[in-house]
Amino acid sequence: MPFEVKMPQLGMNQDSAVIVAWLKAAGDKVTRGEPIFEVETDKATMEVEAAGDGYLAGIRVEEGADIPVGDVIALIVETEDAVAEHACAPVPASVEATETAEVAPNPTPAPETTAKAEETVAPAPVEVRAPAPPALSGPILASPLAKRLAKERGVDLAALRAGGLPEPIHAADLSRAATGGQSQLGARISGDALTALLQRSENADRTVLFAAFAAGAWRDVFETDDATIAIRGLDGATVHYPAHGEAEAGAAMSLVDLCDTRLQGYAPASGGITLSVGADTDQFALTLSFNEASLPMAHAITLLDAIAARVEDPIRQLI
Amino acid sequence: MADAKTNTEDYLQMYRQMVRIRTFEDNANQLYLDAKMPGLTHMYSGEEAVAVGICEALKVTDKITSTHRGHGHCVAKGAAFKEMFCELLGKEEGYCRGKGGSMHIADQSNGNLGANAIVGGSMGIATGSALRAKMQGSDDVTVCFFGDGATAQGLMYEVMNMAALWKLPVIYACENNGYSEYTKTDEIAAGEITARAEAFGIEAHKVDGQDVLAVNALTTELVQRARNGEGPFFIELDTYRYHGHHVGDINRTYYRTKDEEAEWKAKRDPIKLFGDWLTGEGIASEDELAALGEEVRSEAAEAVAYALEAPYPDGSEVDMHVFLETT
Amino acid sequence: MRSITLSQAVNEAIAEEMRRDETVFLIGEDVAEAGTPFKVTSGLVEEFGTDRVIDTPIAEPGFMGLAVGAAMTGARPIVDLMFGDFLFLVMDQLCNQAAKTHYMSGGKLNVPLVLRTNLGATRRSAAQHSQSLHALVAHIPGLKVAMPSSAYEAKGLMKTAIRDDNPVVIFEDKLMYQDKAEVPEEEFLIPFGEAKVLREGRDVTLIGTSSMRQVCEAAATMLEADGVSAEVIDPRTIAPLDEATILQSVKKTTRAIVVDEGHQNFGTTAEIAARISEKAFYHLDAPVIRMGAMDVPIPFSPALEDLTVPTPEQVAENARRIVAGELIHAL
């Protein structure tokens, strides 16, 4: 049986090697251990020895060819007569192998020129860069949390920056944004249902109920679980609803309950989103003060309307 | 186990084991050259009498630590071809489920604590294994295989010092094949190799590593004495590797001549020498030895075919065995 | 509850486990009569004898290698490495041998050993006896790394380490050996991979390993006076790392500072900060701050050495800055 001569694997991570030269021709007698061809790997040029005795036959690759390791490149047959039987047309040195063609005794000129032309003549594509954008449209320096909240609330951070809000922008700035002046929306809602509810239940706290309405409306409108209301007392103290909620930094809006006074509405100069509630005989006066850059008007309308609906029909909210 | 091998069965077992190593390596070499085996591998061919002479003097529970040139030690200590070839090819059924490969085969069931890809890296492990045996009161002996190149590692001196201080049952077996990777040992080792051990008061011997009977007789005596608390010992075994440092190291005339290689193969081949002795003594006929060789070759061919077809480990095993999960 | 020193806690843990399991032994330089330079192992040799409390020559790679071999063949060695700085000497045996044996053998062999050593600067010991090198070993798959922050942790983590079937490296802070803490008389173990929340807070999470836990706790007290509420977490083991507890805290506070005594570059602080940034990114309202030892060899002079380790004042100052929303940004 003929013995297959394969392109040997001679090192780690070696996929192929180049036949530099055949040291024996087809029909030559070879003995085990005798060098039969020379290969070049990524590291060195080496002579490969015959692994058995016989006659070299069926040389399948020409010098200069880059051959994957493990491929059969020739045979060693037992008898001289068998040489002719196994004769076959060798694979010519491929284009990829031209780097080593110059050390091969018979380099094929055509592919070499082609390869060189490809290497040197083809111009490298030049990337044309777009002109640098104006500074105000560059990346906005905002915390990941602020960016996420802005996205959830439909807030345009670029507009906030354009309005003069200093960077970096943090979560708290979204509610405190004081640029471009405050807008106001007002509503007058029948107080019958809520007043009746408060009279029936001695434990109910009016201010906390307003906070609950505000938080519930916020959660619905913005489809989020984060809705903390900072309740600003008339004595200057601030408490949070829910009590174990986030810090002021994360409060969605402030609430001012003016029902125990003769006053009807409050809009803070410091910005942010503030809901104030005043009482007027049988009605409640709701005032939402906000900045349109951080809370677009459409959202503000939906929000205040949702709060108003809860005040009007508190049982629905409590259920 | 206590006596050097003197009967026919034992002689033939040693011969068979040497032939098994040579056959294993011939197949491994071919698998590698045919690009069927990934990585890097080092052939033990030529050094068979060392591994077999020593391991035939050991019990199953005696331990060995091996080297990057470790297939021979693994076979000699009792490993099976099928699991070894599977490991060499990175297959699931390999001794280490394909995670170790040629340079890390461990076969704990036969006392092989593993090959080691760090030159001299196992000297501490072998000495620690001997410390454990002594602490436990068992009579197990550990043999630490390493090459002449490893004598340049500082760890050897640290652990020989402790082994000598604490009289540990360890035998340091230095396989001196004359070359430290691609450099003549004479160029990297000053003085005598055995003098290194003697400096610590360790009894050191030199033996012809191509003579399996001499290796076995010496080792048997030293193992027995080590079991009796007379250890440690040091053996320098004069031997030769037929292949390059690794498969692929084929043009090596810059560090050793082809004439030298041819001379060792012709005049000092351990299998041929022992075969001639066996036939000369009338223990086995040439035909019987040839038949034995055929048997081993077909065993190997079968194991190779099996391993080539065997499945690779499932990808889910990649993060398995980083830690032993304690239950 | 009684209070004992960290040194006593380690000693108790080793003694209890040696009584419980006869395969446990202690090996290292001057661990027997001398009881180590820090006197942590004093008295053990009297109870367990020189067969199980083994003094070695000054040969760290050698006895580390012996321990690997003994562990592979059924023992549970505790290797005492006198200074954490000597890790560089044992890296081959620890990282190439002990850490990889179980994996390379496809699960056949395992190496149940404990390497106990130390970390920490400010003992005026200069550059080769002051390093905190835990990140080096935590980088290697197959090694577990515990960093006790008090006598209580030192005992519980040591006992768990000895019973673990894998190589474990324990780093004790050498400044803390005489620090006392409440440690129960009855037996207890601390599982690996479970961080401890030492103090709850709202505004910022301070994560401190080993003695940096105390630094974080002191910083939290300072911050409280300024109205900043800090949560303090001790990871206790960095490999495995209790990511869940850390992430849960940071998602709540939206800010984090990681404090560790290893060098800051490519260090433990970097790893923890990266995991927070990767897995809690959209909850962050400030950059995660890393505070490690300065990236200089630890200097000898007290005037210089003290500058290299994070202090409670620095931690508190960084916390104030990120809570105030200051720009921490390289433009």
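Which chain is which? They are A, B and C, in the order written, and residues in each are numbered from 1.
Rule of thumb we're sticking to: contacts are C-beta pairs under 8 Å (C-beta built on N, C-alpha and C of every residue); 3 or more make two chains touch, one makes a residue touch a chain.
Nothing here was measured: the structure is a model prediction, and the numbers come from that model.
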| item | value |
| --- | --- |
| Per-chain CA centroid nearest to the all-protein CA mean | C |
| Two chains sharing the most C-beta contacts | B-C |
| Of all other chains, the one whose Cα centre sits farthest from chain A | B |
| Distance from the mean Cα position of chain C to that of chain A, given in whole angstrom | 34 |
| Rounded Å distance between chain A and chain B, as computed from the means of their C-alpha atoms | 53 |
| Whole-Å separation of chain centres (CA-atom averages), chain B against chain C | 41 |
| Chain B - residues contacting chain A, complex | 30, 32-37, 39-40, 247-248, 250-251 |
| Of chain C, residues touching chain B in the complex | 25, 51-52, 56-57, 59, 61-75, 77, 92-93, 96-97, 101-110, 112, 141-142, 144, 163-166 |
| Touching residues (chain side chain A, partner chain B) in the complex | 6-12, 44, 46-49, 51, 68-70 |
| Chain C to chain A touching residues, read off their complex | 202-203, 229, 254, 281-286, 325, 327, 329 |
| Chain C contact footprint on chain A (complex, rising order) | 141, 143-148, 167-168, 170-173, 246-247, 249-250 |
